[in-house]
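The next part holds the structures, each set out as structure tokens.
Each of the two complexes below includes subunit A, the first together with subunit B, the second together with subunit C.
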Partner chain A sequence: MNYFVNRLLYLLVVFVIAISGVFVLVNNMPGDPAYGLAVYIAQQRNMQFEQALEIAHKMMGIDPHESVVTRYVKFMNNLLRGNFGYSTFYNTSVNEIIARALPWTLFVISLATFISFSIGIYLGAFAAQKRGKTIDTLISTLASIIQAIPPFILAVLILFVFSVRFRLLPLGGAYPVDMEPSLSISFIGKVLLHAVGPILAVAIPQMASWTLSMRGNTAQVMEEDFIRFAEMRGLADSVIASKYIRNNAMLPLVASLAIGIGYMLGGQTLVESIFNYPGIGFYFGKAIAVRDFGLLTGLFSLIVIGVIVATFVADFVYALIDPRVKLK
Partner chain B sequence: MSIIIRVEDLRAVYLVREGTIKAADGISLDILENSVTAIVGESASGKSTIIEAMTKTLPPNGRILSGRVLYKGKDLLTMREEELRKIRWKEIALVPQAAQQSLNPTMKVIEHFKDTVEAHGVRWSHSELIEKASEKLRMVRLNPEAVLNSYPLQLSGGMKQRVLIALALLLDPVVLILDEPTSALDVLTQAHIIQLLKELKKMLKITLIFVTHDIAVAAELADKVAVIYGGNLVEYNSTFQIFKNPLHPYTRGLINSIMAVNADMSKVKPIPGDPPSLLNPPSGCRFHPRCEYAMEICKKEKPKWIRLDGEAHVACHLYEEGRPLK
Partner chain C sequence: MRKESLKNFYYDYIQPLLVNKKSLIGLIILTFFILMATVGPLIVPLDMTSNFAERYQKPSLKHPFGTDYFGVDIFQQIVHGSRSVISLTMLASFFAVLIGTVIGVARGYLEGIVGRAIDAIIMVFLVIPSFPALLILAAVFMNYNLNVVEIALLVAVWLWAPLAKQISAQVLSLKSKEFVEASKMLNMPLRYILFSDIAKLLIPYIFINFVMQIKGAMEFSVGLMFLGLAKFDPTHWGIMLNYALYQAGALYTAKGFHYIFFIILNIVLLIYGGILLSQGVEEVFNPRLRGNE
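And then the complex of A and B:
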């Protein structure tokens, strides 16, 4: 129990530091974050720019005469109440954009991670057990090459081959524009089909790196004395392979799994942009392109929170499955 | 007493980058039923290799070149893997030297007992398992309730060693082999384990074979002592005879090098020279470069394993030529 309280306090400190970092970064960016919105308002309502800027400041809840400290307190206060700010480009609260985008990102990431992890674990353990044989060399070499491919290159490749050339996959989006979201089989089918591209682009390099880590861990565990002792006790190979080798080799990977999901919340900006997939990464890319400071800050904060929550989950899961952590 | 395990001309090597390590070179040994046999030798003399080759549990780079290990008339070395798997632990249990890392760190002690039982198709209910495991743990003077629900990291080194022994006794094996049961432990825990093995010997009908570099431990526990030098067996005799009248020059050196608390330091004589490299062992008798009685023939010919009167076996040219050590 003590362990969790410690971890929680630690992550709280990390949270404050990281979020403050986001604030300082955005606060020190050149230009007025309301500038873009003010230009838009001035054009729309045909009014003076100064007036429009004032309106824009009000809409975004910015007081240009405020001190940095007051702004910081306001920002933190808002965030703690779950208010992620205002997007000038989309003219809506960031919370709304997150509500719209997060499910897509979580959907793609969790599926991609689940698929790549399951296959990677299996391939890695298999390769380690065939160490030195041709099949192991083949798997490890391929995995090393694939691991090095950046997901966005793969995304372009998939888009070109499967969508443009063979027309097997849709060109982009999360579902066809002419379809109303519903729970019908045909709609779900379309959603899955649209997710194939982003999932593959994210999952393939990941799978390769899971394979390599699992292979290394398995090979290491296989050298352990407790494996030989299990053989001496006459245990069946299948029991040794699962309860003794795989369980121990997988432990460190489960922790990286949770942290990885946290990082990927914002890490797939390019993949989502390429597939025009309306997830967090897509909006993140957009916010950078149009200099939407409000959206940028909001999404940044979300990613920070995501990583911190994932780290905590990782610690928790690790302690749950590894008695060495819990008991120390 | 009848012979329970007969080892005939066992040869085992380890393959390493530099060549082959000839760790057990032509070992022949009869183990008597319900006796305690100690295999004594310096570190890296091939002691562990003998027992691991006997049970076919050598590390991956170990190879058995020749020999037979007869147990109840069957050769363990040529037996089918599945048949051997069933004999392991149920009839012949081996407690390895690395007791500290021999338990799965992510499993509770009780689970080790459970999967051992399951591996041998023994149908015990959970309460039966707890009962039997507790009985064995009490036998090694551990508190069953506390230990069974512990993870290995919660146990001390001595406790882990005793858990392994309890685990080895679980299925009431006929033969229990222990590799350095007392090394890597502090002196008090060592004394504890020795005491424990003595009690087991009295309590159970069991054949004990143990490997040690500590000839004092052998004197304490064993009925018979086999002395190994550089991968060769050099002497095999009853413990009493080994200490009273060591036949081989190496055995004599070994006994002279024991330091008792009240010993006269000037009488303690270390054996001159270094243990041989098993990668390129000396020609002839492997002990000849360190032997004060070495003759011309010792450099050329490997001495035969000969039986003298009684239980005594020795491999030394002095005895082949009828010029025993005085």
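And then the complex of A and C:
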């Protein structure tokens, strides 16, 4: 168990450094942390810069005479108590925004990951078994073309083709604005329909990369001696393919699956913004657009926590599923 | 003598790339875009004046990619924008490789507390989710009107870490090799060992990584521009996409499809060229790298 305690401590240190870095970046810029917000206010409301700066200070809850150190201690103290700060743009606590947004993001991520992982594993293993044949070339070429499409570009394409051109999918949001959230079948149906766009935009590029790495891993495992030995023992091809090859080739992918989920928490900013899907990434994009640095640091802390938890879980899962790694 | 070494360089590094199908196609695509960026603007004039009579014209001989919401020729904008797209991507990849190599070599070679400190820095940058961090950095610097080099640096800050980790592992395995020991025993200066003994073997590796960075650099810079966080060139493809979607609303009218389509086609084709070349380069050079280990 010592290994995990060490690892946890290490990740905690990394977390503190990362969060502090962002805090310093946002709060210790040359000039004033409220400078950006003040410029924005001055532009929006057509007022003098000094006046706008004063408003910006009030909005961000900054006392210009307070030192950065005091602010930092306050911020860290709040964070440790689970208080992610205050959003000036939405005029509410960041915790409330997280409570509102996190379920949508987790919903999209988990479905997209589940779909892309299961299809990617299957396609990758299939392509590797047929190495050199036309079907393999087709799968690998298609996968690397898809990899060349950034997810947000794919989101634009999906929105244009399915929502605008053929009107099969809604234009945005998580559910129709004129509907009250409830557990009725029609509402759940609408929620699923609204999630199709974001899920496809996240899942398709993921699927391509799972396919390519599974293909590579499978090809490598197929060269191993124990596979040849299993063949010599006269085991059925299907048993070798599923029990011996697929399970071993999947092993490293399961660990990166956990890490991948952590990174996706904040990685889908552009996709969620394009679909107006009210998840973490959407609010993150909003916070950037209106320079709401309170919301920004709060959400960023959450994203980093997500990554760190995922990294830790990945270590744990890997030790559990791979008998060669012993828990010490 | 010089001619001989050039010839060797050609047979060692260039010719294998021309034989491999993937890297050849990748090279052709990238050369096409580099020509577009260098020679293109000299041949194709750019006329940005609005002409609402010609709004959303379909592709034709006069307008190969059609016209946009303002009636401006899209092909002209793509050609002129390629200059900032290519320079930004190349510069960002270059910086990322430079930072990654220097830090990676330092981490691999230095021991003790300094080495551990560098290790922690690499770890922090690996754990921080890059794209959100890049957005924060860009938002903070937005009011400073950054130029291409500065934006490239902002992007590179979030790309170098994985490379530094790989390079440090390579250096760690190289530094226990006999020839490095020999240099040490001859009391060669550290500078010589690092740059002459170790760096030389890393060059193909670094080259592969430079090509691999193109995808990330391209995605990050286009995403940044797309969110309107860095506006130094109105014809950068990311900014064109931003205009198409949010200013002109081309997404929501069927007439605007070619507008979005040609911007996306160019972005994806350029990234695909980078991916093909990096796959090809890896196929060609990886056995050689493995041989060094």
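Keep in mind that, in the parts below, the second predicted complex is superposed on the first by the 291 of 328 C-alpha atoms of A that agree within 3 Å, B and C clash if a C-alpha of one lies under 4 Å from a C-alpha of the other, contacts with A are read in each partner's own complex, and residues count from 1 in each chain.
Here, a residue touches a chain if its C-beta (ideal position, glycine included) is under 8 Å from a C-beta of that chain, and two chains touch if they have at least 3 such contacts.
The model shown is predicted, which means the values in this text are computed figures rather than measured ones.
Superimposing the complexes on subunit A yields a three-chain arrangement in which subunit B and subunit C fit side by side. Of the two partners subunit B and subunit C, it is C that touches the larger number of subunit A residues.
Residue contacts after overlaying the shared chain place A:Ile288 against subunit C, while subunit B stays out of touching range. Of the two partner chains placed by superposition, A:Arg167 touches none, neither subunit B nor subunit C. In the superposed pair of complexes, A:Asn248 makes contact with subunit B only, with no contact to subunit C. When the two complexes are overlaid on their common chain A, residue A:Arg81 makes contact with neither subunit B nor subunit C. In the superposition on chain A, contact is made by A:Gly234 with subunit B only, not with subunit C. Once the two complexes are laid over each other on the shared chain, residue contacts for A:Val13 go to subunit C alone; subunit B is not touched.
Of the two partner chains, subunit C is the only one touched by A:Gly21; subunit B is not.
Superposition on chain A leaves subunit B and subunit C with their closest Cα atoms 16 Å from each other. For subunit A in complex with subunit C, the touching residues are 10-11, 13-15, 17-18, 21-22, 25-26, 29, 35-36, 39, 144-145, 147-150, 152-153, 156-157, 159-160, 164-165, 171, 263, 265-267, 269-270, 273-274, 284-285, 288-289, 291, 296, 299-300, 303-304, 307-308, 311.
By the touch rule above, subunit A contacts subunit B in their complex via residues 224-226, 228-236, 239, 243-244, 247-248, 251, 321-324, 327-328.
Looking at the complex, you find that subunit C touches subunit A at residues 120, 123-124, 127-129, 131-133, 135-137, 139-140, 142-143, 215, 218-219, 222-223, 226-227, 229, 241, 245, 251-254, 257, 260, 264, 267-269, 271-272, 274-276, 279.
Listed in rising order, the residues of subunit B touching subunit A in the complex are 55, 57, 59, 85-90, 93-94, 96, 98, 100-108, 115-116, 118-120, 151, 153-154, 164, 167.
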